[in-house]
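Shared chain: chain A. Partners: chain B in the first complex, chain C in the second.
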Partner chain A sequence: MPMLFPPDISLPNSADALIDCVINSGDLHSAAAVYELAQGEQKKQLRDLLCEERRNTLLLARWEHTPAAVLQMLAEIDDETVRLRLDKNPASRAGTLNTIYKNSGHDRQLLCLLTQHAHSSSTLLKRLAMSEDDIPILKSIAAHPNTDANTLMCLEKHYPGMFDNELAVHAETPTELLETLYQRGNCFIRSAVVSHIRCPEHLLDSAFNETDTTILRHLAANPRLDSEKLAVLAQHDDVSVLRTLAGNPSLGAELANQMIQNSSNSVRRTLASRTDLTAENLQRLVDDDDHWVRQWVARHPKLPDLLLNQLASDQNDEVRRAVTRNPQTPVDILRQLAEDSSVWVRAGVAYQKNTPADVLSTLSEESDVDVLSGVASNPNTPQAILIRLSGSQQTDIRRGVIINPQAERDTLLPLLEDPYYLHRLLLVSNPALNDNDRWSLHDDPDLSVRFMVFKWFAQKYLQL
Partner chain B sequence: MKILVAVKEVAALDEDFEIRDDELDVDEDFLLYDLNEWDDFSLEEAMVIKESSDTEVEVVVVSVGPERVDDILRKCLAKGADRAIRVWDDAMEGSDSVTIGRILSAVVEKEKPDMVFAGVQSSDDAAGSTGISLAASLNWPHAAVVAGLEYQPGSNKAKITRELEGGLSQIVEIDCPSVLTIQLGINTPRYASLRGIKQAAAKPVDEISLADLGLSDSDVGVDAALSRVRRMYIPEKGMASMIEGTPAEQAAKLAEIIREFKGE
Partner chain C sequence: MKTFLLIAEHRRGELRPISLEVIAAAQELRQADDKVVVAVIGEQAENYVADLSVAGVDEIISVKTGSVEFDPDIFESVVTSLMEKLDPEVVLLPHSVDSLGYAATLARKGNYGFATDVYGLQYDGDELVATRSGYDQKVNVELDFPGKQCVLLTIRPSVFKATEESASPTVSVEDMTSIGSRSTNLEFVEAGGADDIDITTVDFIMSIGRGIAEEANVEQFRELAEMADATLCCSRPIADSGWLPKSRQVGQSGKVVGSCKLYVAMGISGSIQHMAGMKHVPTIVAVNSDPGASIFTIAKYGIVGDIFEIEEELRSHFE
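For the complex of A and B:
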């Protein structure tokens, strides 16, 4: 990589100086990072730099990190391929998409992509719905979450029955349209309507009398069901209905505790994560034959210490690992599990936020990468150990130190020269470092690191 | 002791791209260049031998291509290669893998390495023939798809493990010097250190011309090639239909299609 910046250039002391530094370097990605910050002549110079070669324009139009302001500028360029890339770029904002629409010349591919883009505005979608008659395009509009209720009604009016699948699941579909869909729909449409947040009460009543298990399964998930219906569904003999019911937050403690004896493992697994179980039933789940049930209950936030202790000696190491991941697990159990025969369990202890420093110090003497990564990322790990781990040959362990919120500046400084570019990129926004530390990465060989450095400083000036 | 590693700058395609007007290649604006993935493993294998050896081992990387190729050669220098050589002359444009093998063999005769490594194939052309063509030009022993290597610098034999189809491995003893084409996964390629990258930026890349290798225009390029690209195009896509509906409906339709295929 040729040197883009003069050696030892100091941190610019103003927004203008930062932009001048980029312009003088001619670095494409740094220019993209500061474009939004620039005004007047500097902005023009940056635009020239960004658009000098078509190859670069195409690259920026496609790059997912290209700032929205640059994408908006690129949308003004008369190049169909650039427009196509902008249309596919998830970072393109509503304004950019409006510009693409204005210049699209009714290109079907561009219009199709506009109707699928997450940032297309409801206004643009409405305009497309009014002006287009291409069914796949209209179908995408009916499925788009930004499409408003009026547009959905309009689609239904002009193409009745054509978009039932999309309308039945759309969050903005009005209640009266949901009723129509339920009346004319097959079991899948009716299931979708029953799951809809706006589904009227009387449709829930109708669905309750259905025999189709797909509809009943969707009904069982609805938190608006009253206790009477929930109780009847709890007697159903279909496992999928019962499993869905077990996860319904409105089920209530009484029914949940009744279902605990169900013979289906999947029903008991779902119940095991409920917070409204009695101590007696928690004990029953702790003694369950199915290790997945025990694994789920081991992470239960209200599990008494006695039961956590029992699970800490479970024969299945996934269950013991789940105990280490429970935020309520007491320190004495963590100490016991730190000496577990399974490395996977010991790694769980290393990651646990309640593990005390002396246990982490002991674990730091291990050689396993999972254990050491946990120690490296644990906020309770002493700084001296973090310094030692920052010199590890293992990428995952060094990354653990970088993401550790307690890692101090002196610990992190050597990692600014980490061979792995992603680590340097992560350090740019690390609050333990100062601006001069960040600036030391401005001439990084990796384009994404340089971009992140200049973006960080550009954001800082934009917020002033 | 010297190991020569042949590397290639490969072109990766963007998601959407355009074919050149002459229909012989993709428009260069849509290509992203990088070091061939296989060559990263070849270089690492040479570096492992260098670093574990008691005797001095020189690792030299060589590539055939225009000035742009210096970027990938510097990448190799940043990872620890001692020297980099780039061979180019405009007359080489259009050379096929056999011709490239011939050019590389002239470099080998000049450099006189004890071993030559190349990647099994390049990710853009995927011919898998450059390394083998090079061995044929030199009349050296060769082994392809090498997934394991035991070699002591200075030894006249190496033990290699070759990857075969069907999950089989084959252990082969090969006379040295030889040409080995290295398979992905034989090692874990390193990241270049920041210091290495900065130092590599200042290191020279030796440029070698046709005359330096004792070759002439007629030995290289499209006229000397044994194969020529006649046309590059995007084939018409086959018929496909989207399965519409809710996830449950889609699953039901998919099950119906599977039943139809099974003749139920």
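For the complex of A and C:
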């Protein structure tokens, strides 16, 4: 690759110097990184660099990292393919999408993409709803989370019954429309209405008398149900209704503790993560025959140490693994599990934030990639071990060190020359490194690393 | 008339499915009067003859050697000796770790034409043309082998559809137990690791991504995968956080799920790097709350919705 930057160029000491450095290099991706920072003549030069070749413009319009300001500038270019790519780019902001709309010439594909883009504004969606009559486009508008209540009502007014599926789940659908949907909808529409945050009380009452289990299941999940209704639903014989009820936060301790006797595994599995269970029932779940129940309860935030201890000796690996992932598990149990026969359990200990340094040191002698990656990323791991692991042949383990918030500068410095570009990319924003360390990557052979370096410095100047 | 020599592969007493796919690959090239010979090598080679007796095979050579499992030295010597005897125009091997252990040496020593990881085969007139990918799977490269009397190719798994039609090829037995190896087998160590599932060999995968939000939610997708008889896999952020073993990661820096037929992606955006491991799967179902998620560009069925709601519906279905 030809050299883009002169050798040994030192860290620029101002925004202007940073931008000049990019302009002199002619590097497309670095230019995209500093574009927002530039003004006047420098901005024009960068724009020329970015738009000099159509190929590059197309590339930037699609690239996932292209900054919003560059996408906005590209939206002004009169090129349909560029617009199409911008429309598909998740990073395009509302302003860029408005510009695309202005210049779209009612191209159906562009409009369709606009109605699906997460950043399309409610104003744009409204305008599209008023001016378009294409059903798939209108359907996307009805489904778009940014569409407001007025627009939804308009759609219903002009196309009654056409968008019931979308309207029944849309968070902005007004109460009166929900009533209409419930009256005319099938069991799925009625289920969606029953789960809707704005569902009026009397519709919940009507749903209570339904016999369809899909509707009752959705009703059973609704935290607005009163204790009387919850108690009646607890007598239902459909497992899916009972399981959903078991997860309802409003169920209350009394009902939850009653339901623990239920013969369905899936009901007890759901109950096992509730925090309102009595000690006696927690014990019952710990003794449950179903290993998934024990697995769920092993993660329970209020499980007494005694029960955690019991589960730490469970014959099922996944249950013991779940104990290692419980943030409340005491250190002595973690010590015991660090010597477990299952690698996946020991890996759980290696990733656990409460595991002490001496246990991590012992685990660092293992050869398994999951255990070592856990040790490498654990903030309690001693620095000397991180240094050793940073020289591992395995990329996952070195990456563990890079994402470890306690890894010190000296540990990370050799990793600036890591052969895996993702690692160098991650290091650019690592707070343990200083600006000169970061700058050493400005002429990296990988374009995304160079981009990240210049973007990091551009952001720094933008925040000043 | 041309002769095609195919090498079968077995591990721990089982014929590997790729062996039958290599037979299928040979059918792309053979003419009516050509001969397809399959060699199976090992101390108990005869055990695999019945499974290899499928349509399209003319002869099976069961080569008895002194080693039960694969040994690169022994395979290299046996295949060299078979090639001297049969003088094949084309030798097809599975693209696998076993073949990587001896195929290149064999090709170099014999000065044969050579290409690895081939997924397309045809004759252009008399010229054999093999297709493989280049530039990190971005382009298809067509290779021919001018001036080569014999071409040796390793065949990508899960590309050629194995036939189930049985047949009665002639079977001959060769004793090559005298061939020695430079390596000695001391003991068999079971591959360790947090996981005993090789995701490259399973056909139904449910995969979770950052959409699952927190570690506690992994459990319910594990449960669902078990109910559905699927193997639970993940995108990189999940494996990097230690929520599932690294061996379950699909993608560029993870694994390519070569045998997968159905891939259900839950809360995965569909980055290029993830798709590198699964975009070939014939049926991809994607569940994502963002209609613009890239995963939908390769999905056969897309559900724009909340993975937890879909999980709930699927669970009720399985109950």
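Going forward, the second predicted complex is superposed on the first by the 464 of 464 C-alpha atoms of A that agree within 3 Å, B and C clash if a C-alpha of one lies under 4 Å from a C-alpha of the other, contacts with A are read in each partner's own complex, and residues count from 1 in each chain.
Criterion: contacts are C-beta pairs under 8 Å (C-beta built on N, C-alpha and C of every residue); 3 or more make two chains touch, one makes a residue touch a chain.
Nothing here was measured: the structure is a model prediction, and the numbers come from that model.
Student: Once both complexes are superposed via chain A, do chain B and chain C end up clashing or fitting?
Tutor: clash
Student: Touch test for A:S140: chain B only (first), chain C only (second), both, or neither?
Tutor: Once the two structures are laid over each other on A, A:S140 reaches chain C alone.
Student: A:R399 in the overlay: touching chain B, chain C, both, or neither? Say first, second, both or neither.
Tutor: So A:R399 only meets chain C here.
Student: Report the partner of chain A that touches more of its residues: chain B or chain C.
Tutor: C
Student: Could you look at A:D370 and tell me whether it touches chain B, chain C, both or neither (first, second, both, neither)?
Tutor: A:D370 sits against chain C, while chain B stays out of touch.
Student: Taking the superposition as given, does A:S122 touch the first partner, chain B, the second, chain C, both, or neither?
Tutor: A:S122: touches no partner chain.
Student: Using the superposition on chain A described above, determine whether A:Y351 touches chain B (first), chain C (second), both, or neither.
Tutor: Once the two structures are laid over each other on A, A:Y351 reaches chain C alone.
Student: Per the contact definition in the header, classify A:W292: touching chain B only (first), chain C only (second), both, or neither.
Tutor: second
Student: Which partner does A:S448 contact after superposing on A: first (chain B), second (chain C), both, neither?
Tutor: A:S448 sits against neither chain B nor chain C.
Student: Among the options 181-189, 199-207, 217-225 or 235-243, identify the stretch of chain B whose C-alpha atoms clash with chain C after superposing on A.
Tutor: After superposing on chain A, the stretch of chain B hitting chain C is 181-189.
Student: So which positions on chain A get touched by both chain B and chain C?
Tutor: Touching chain B and chain C on chain A: residues 88, 214.
Student: Spell out the residues on chain C that touch chain A in their complex, using ranges where they run on.
Tutor: It is residues 192-195, 215-216, 219, 222-223, 239-242, 245-246, 253, 290-292, 304, 312, 315-316, 319 of chain C that touch chain A.
Student: Would you pull the chain B residues touching chain A in the complex into a rising list?
Tutor: Spelled out, the residues of chain B in touch with chain A are 14-16, 18, 28-30, 32, 71, 74, 190-195, 197-198, 201, 244-246, 248-249, 252.
Student: Show me the residue ranges of chain A that touch chain B in the complex, using the header's touch definition.
Tutor: For this pair, the touching residues of chain A are 1-3, 53-55, 58-59, 62, 81, 84-85, 88, 139, 165, 168-169, 186, 188-189, 191-192, 214, 417-421, 424, 444-445.
Student: Where on chain A is chain C touching in the complex?
Tutor: Checking each residue of chain A against chain C gives 88, 90, 113, 116-118, 140, 143, 214, 217, 239-240, 243-244, 266, 269, 273, 292, 295-296, 299, 318, 322, 325, 342-344, 347-348, 350-351, 367-371, 373-374, 377, 395-396, 399, 403, 422.
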